[in-house]
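You will see chain A twice below: alongside chain B first, and alongside chain C after that.
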Partner chain A sequence: MNRSGFLSFLSSLLVIVIGLLFGLIVLIVSNAEQAFPAARTIATFGFSSMRRVGDVMLHGTPIILTGLSVAFAFKTGLFNIGASGQFMFGGFVAIYIGVEATFLPPWLRILTCIVAAALAGAIWGAIPGLLKAYRNVHEVISSIMTNYIGMFIVVYLIQSFVFDQGRGTSTRLPTESTLPRLGFQNIFREPFFATYRESHVNLGIVLAIAIAILVYVILEKTTFGYELKACGFNPDAAKYAGINQKRSIVFSMMISGALAGTAGALNFMVDTGLSMGVVETLAMEGFTGISVAFLGMNHPIGIIFSGLFVSYIKLGGAQLQPHFSIEMVETVLAIIIYFCAFVFVVKSMLGRGLSKFGRKDKQEGGGAV
Partner chain B sequence: MYIIEMRNITKEFPGIIANDNITLQLKKNEIHALLGENGAGKSTLMSVLFGLYKQEKGSIFKNEEEVFITGPGDANRLGIGMVHQHFKLVHNFTVLENIVLGVETTKSGVLQMKEAREKVLALSKRYGFDIDIDKEIRHISVGMQQRVEILKMLYRDNEILIFDEPTAVLTPQEIEALMKTMKDMAAEGKSILFITHKLDEIKQVADRCSVLRKGKMIGTVDVAETSKEEMSEMMVGRKVVLSLDKAEANIGDTILKVRNLCQKGKADKSGKDRLKNISFDVKAGEILCVAGIEGNGQTDLVYALTGLEEFDSGEIEMEGKDISRAKIRKRTEMGIAHIPEDRHKHGLVLDYTLAYNTILQTYYANFQKTGFLKKQTILDYAKRLIERFDIRSGQGEITSTRAMSGGNQQKVILAREIDRDPKLLIAVQPTRGLDVGAIEYIHKQLLAQRDSGKAVLLVSLELEEVMNVSDRILVMYEGEIVADVDPKHVTFQELGLYMSGAKRDEVSVDAAHVKGDEVTVE
Partner chain C sequence: MNMLYFIVQNTMFFAIPLMLVALGGLFSEKSGVVNIALEGKMVLGAFTGILFITTYQDSISGQPILILGLLIAMLTGMAASVFHAYAAIHLKANQIISGVALNMFAPAFAIYVSRLVTGTQNVHFINQFRIDSVPVLGSIPILGPILFQNAYITTYLGFAILALATFVLYKTKFGLRLRACGEHPQAADSVGVSVAKMRYAGVLLSGALAGIGGLIWVVPISTIFSGTVNGYGFLALAVLIFGAWKPQRILFAAFFFGLMQTVAWSNAAIDFLPGGTGWTQFYKMTPFIATLIVLAFTSKNTMAPKAAGQPYDKGGR
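Take a look at the complex of A and B:
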């Protein structure tokens, strides 16, 4: 690994440690007695059984994709805060098709759900992209707005088209419309009396990893990626080179949106009975994606791991409930996760610190010679 | 006794020893020049002194006492200030805010700007800086920005001042002023380290000069006793011929035809027209030079020709085809190459490798297959350019261009633009920041382009370059062409008069040369 890669890795680890320490402090303040057991739960729960390992992957799937979404835009110099709205659109479209298109054979139906969700996300992502390219509206502002607009539209659409009166949420997906579990249930499970309790991890994680690799290939190996990154690194030079920046901005936001839309699809196409609520709050997966992207240093492969890590922490956190209020748990998790967003600050500090250290080191060595 | 002594400094970067056991001694009150080829390690050495890099070996002494400089903060406490090759100012802050940034005085959390203002005004007056300290940085010229950098050092009461190629970005007039300022500062007790590639400047102000070559210290000489030729020989390791032998131009067809180009001024600037009725031709086999003092419309002209900005009215034709509204890529494909004025802004994607920067306009043509970049082809191509243009860097084609010395970055751009085999080469200040050897090389390349029947449009602020290289000279003043002259029939003084607006000809493209009488304006 080169120096920069090593530094990235080190600083990712460091922000995790710092985040955990801060989380611990908050735990101690709120309930000193239970703080250390709670910290242990957070740190170990995800590995406590194969079923939990499966769950980490299951819940990691959507945030790996929203992480990729944020990172992709970032490489083009854009900050996509709108992953949340794109995620909800994707989720809705997948649910709608999954519920309604029962005339399609299951595999085709699943494929259609995912592709349509990606398209929906792309369209929703295109709006801030177009505004940026042709009206010079900052994408952060417009994508925050598309988040809220998207959320209200989705709530309205659910109530109009796929509403389950009894549950007060979207209609439950028929099992054939959910992602196949590919036999994972025989690996990721834990004994429970005479039988097993299985994780619902499914095709989604495989797709997420495949998409991460695809994103890597697009960014690093293609002329398209070359153009996008040139726009991100130095828009003036990209212009000088004759690269069509407007096109790059719109495409980049569309792809970013498609990734978030896919996240929405994979998130809801599970056979756990998960459905979309009609509460008026933004989907957290979109924002968690920012932390996941940063923690993974905006590198597609890094994001696979950071997504799994964040999922791991969240799963552990979810177990603290009896001793800590749900608000407290959310706060602690938020502290840990959002600390991850400081990774670049830590990296630059670390870079300076290390060279200082290196110098002293060598000087002493030099003195001995 | 030396105010600063850097003893046996070694600093390595991946693949290269930028400073190899260098000892540099700075006397109090002296102006000490640092001379060396591009990539010799001058900026690196100064960055070590300023605390931006940590040396692997060696130590630094101030007044015979060892000091440890771990960052610019330490350097500042020791009275060391630096004006970087590329300025470090906050563009939407005012001059005053930039100066006090980092050393603000506050009283119960509230900024105390009054004292600061008085101090800055006093300093500015003392050195005759004619500067409006309430203007935002983005609204002032590069020369003024440099004065801000200097005021920053003075405001912090720095006594050891480092200037990294301060003159590369200045006009001849501004250079004069800077030279005077440096002398004044030395007379007031400051000690100055001064990096430049221009031997004239060293002759003019420096007391001593240290020469670096490929990371090693070659020696320190007394400037008064050493000739320019001796210094450049120390620097390159061989004799440098500073004159060009230039064959007669063999002029061919018109390549570029510009007619009545107009560009209105923007509201936020002075509101004056930026380009007024510009008309001229560039023919195959000639080097046409656009001379003028910086800010007289040259940049606007280049932007209009290359398509970086749209213009209001007029026509541009390339080989008989109208390209007035053509996209940048179209113009590139039609054979226009462009060495931009600002290499960091337009010329390079600093986060890309050297190799990736060599394909900036051609990545989609020869270097891809079904949308995938042909990595090996790109690397091979970059290797060829490195070889042909003697581009020096730590890790060859995979070096990040950010990690390259300024002069070698310039060579990457030059290599890319020339190797595309353009019909028209628009070169804006192509030798800015280059060492004498490299300048000689680039001038030869420009001539070679000309001799192979290409058209060259050279925009330069340096009279010497203008006179030596060009076949014909246009002078721009306040957005107009005020002279169209033959370098063989014009003197430096005359050019100076044209450039300052004291003299102008009635220029018409259709007549052979100058038409009408010379008009002298007060």
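Take a look at the complex of A and C:
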């Protein structure tokens, strides 16, 4: 790892530590007696059995993808806070096809679900992209609008097309339309009386990791990715070099949207009976993606780990009832994002500190000679 | 006629908080700090305000407790703003990220604390603030039912703040300096205006108004607060944009959006409007679509403060 990468890594770690320390303080203030057992639960629960390890990967899948979505846009100079809306569109399209397209053989149906969800996300991401490229509208503002418009449309679509009256949510996906578990259930399980309790981790995590690698290759090893990044680093230079800036912005937002749409598909195509509610709140996964992206230093491979980390502490946080509630973890994540806002300041401070340290070393070394 | 009164009164419940929060956003953006954290500040203001009201509603009654609650909400909004301001002004951080952080923090924190205090996500309170009819004024024909029946003091407070905000922004030295910091901070600095101070003032004022707006939003429409303001902070941001960063137009935009909310929530009761799921969802998304369209057609010569969103760089041009 080069120096700058190392500093990013160090500042990310520092930000995580600060966030976790804050969390610990909140725990102590609210219930000192239970605080340390709770902290231990958060720290260890995800590794408490192979089933839990599988669960960490299962819940990590969608947020790795929304993290990739945010990071892809950020690398190309755009801030996609519209991942929520794109995620919901992707989720709806996957559910709709999974429920209705029973005439397709399962493998083709699953493929169609994912591709269509990615397309839906791309279309929904293209709107802020087009507005930015051709009408100079800031993508953050337009993404906020498309988030809410998307949410209201998706609620309407669910109620009209895949509504389960009895449960008040979207229709449950038939098992053949969910992602295959690939035998993972024989590894990620824990003994339960005479039998086993299995994790529902599935093909999704494999896809998420593969997509992360693909994003890395596109951004770092292709001309196309280089052009997109150039537009983010220095729009004027990119224009001077003959890169079609407008086209790049639209493509960036579409790819970012496609990643969030895929996240929606993989999130709901699980055989746990998960379905989409008709509640009018934005999907949290879109915003969690922002923390995942920044913790992963906006690097596709880093995001695999930060996504799993966030999933890990969330799973632990969900076990804190009745003394504490899961929102504890959300506040910690928010604190972490807050510090991410000036992670560059932290980084440069660290850099200065380290180089001072390095110089001192050298001087001492010089003295000895 | 009764239907008209019903619509106007309900529109007021939505429009007043939207207008106040949008005015808050206006102060912040005019000083040069983009504030997408309005939602979070509304949540925190509403939360502490309601918590205060619930705690003391047996010992203090009627309007005084509401006013105290508003003060608490205002202080909370300002306290939350300090974090946003510090990141944006001192650390020259990415203002969007710190705003997102605040928006994530607020509902999680509110729910976390209310679970500790009440055991559930919900904080209940008794609405003892509704004024059935203001004495004398309420019996004026037409104007009475529209403005002075089924009303809250917060409505009048809202209009008072609108007038005050307009005056402060456009008729005082402070307002001029604030706007200068958002348009051309280097110019303001060159004549001895402290950009940092002005921006702190702008962000703190926005927190104060967003906090008040949060409480004002909850009180007329519910007796339960459950850690969310349903995206009204973002809607207020849309009001600010739709209102072209000008107080009078913000008033108009807030009433238009408020009307759309009224129509969305109670189109079953309004007999001359088409209802059903499709229409309801359509009414709800109209403000956001309208804002997108306005953005698409005005952004080439936008009314937004020129330096909004950019950390102040003394050496910049």
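A few notes on this one:
The rule we apply is simple: the second predicted complex is superposed on the first by the 340 of 369 C-alpha atoms of A that agree within 3 Å, B and C clash if a C-alpha of one lies under 4 Å from a C-alpha of the other, contacts with A are read in each partner's own complex, and residues count from 1 in each chain.
Everything below uses one rule, namely that a contact is a pair of C-beta atoms (placed from the backbone, for glycine too) under 8 Å apart; a residue touches a chain by one contact, two chains touch by 3 or more.
Keep in mind that this is a model prediction, so the values were computed, not measured.
In the superposition on chain A, A:F342 makes contact with chain C only, not with chain B. The partner of chain A that touches more of its residues, comparing chain B with chain C, is C. Contacts of A:L104 after superposition: neither chain B nor chain C is touched.
Touch criterion met: A:E327 reaches chain C, while chain B stays clear of it. Touch criterion not met for A:I209: it reaches neither chain B nor chain C. In the superposition on chain A, contact is made by A:Y240 with chain B only, not with chain C. By the touch criterion defined above, A:Q159 lies against chain C but remains apart from chain B after alignment on the C-alpha atoms of chain A. Interface residues of chain C, counted against chain A in their complex, comprise 36, 83, 87, 91-98, 100-105, 107-109, 111-112, 115-116, 228, 230-231, 234-235, 237-238, 241, 277-278, 281-282, 284-285, 288-289, 291-292, 295-297, 299-300, 302, 309. By the touch criterion given at the top, residues 14, 53-57, 70-71, 306, 308, 327-330, 332, 338, 340, 345-352, 356, 360-361, 363-364, 367-368, 371-373, 375 of chain B touch chain A in their complex. Looking at the complex, you find that chain A touches chain B at residues 3, 221-224, 226-227, 229-230, 233-234, 236-243, 352, 355-356, 358-359, 362-363, 366. Of all residues in chain A, only 26, 30-31, 79, 81, 127, 131, 135-138, 140-142, 144-149, 152-153, 155-156, 159-160, 280-282, 287, 290-291, 294, 324-325, 327-328, 330-331, 333-335, 337-338, 340-342, 344-345 touch chain C in the complex they form.
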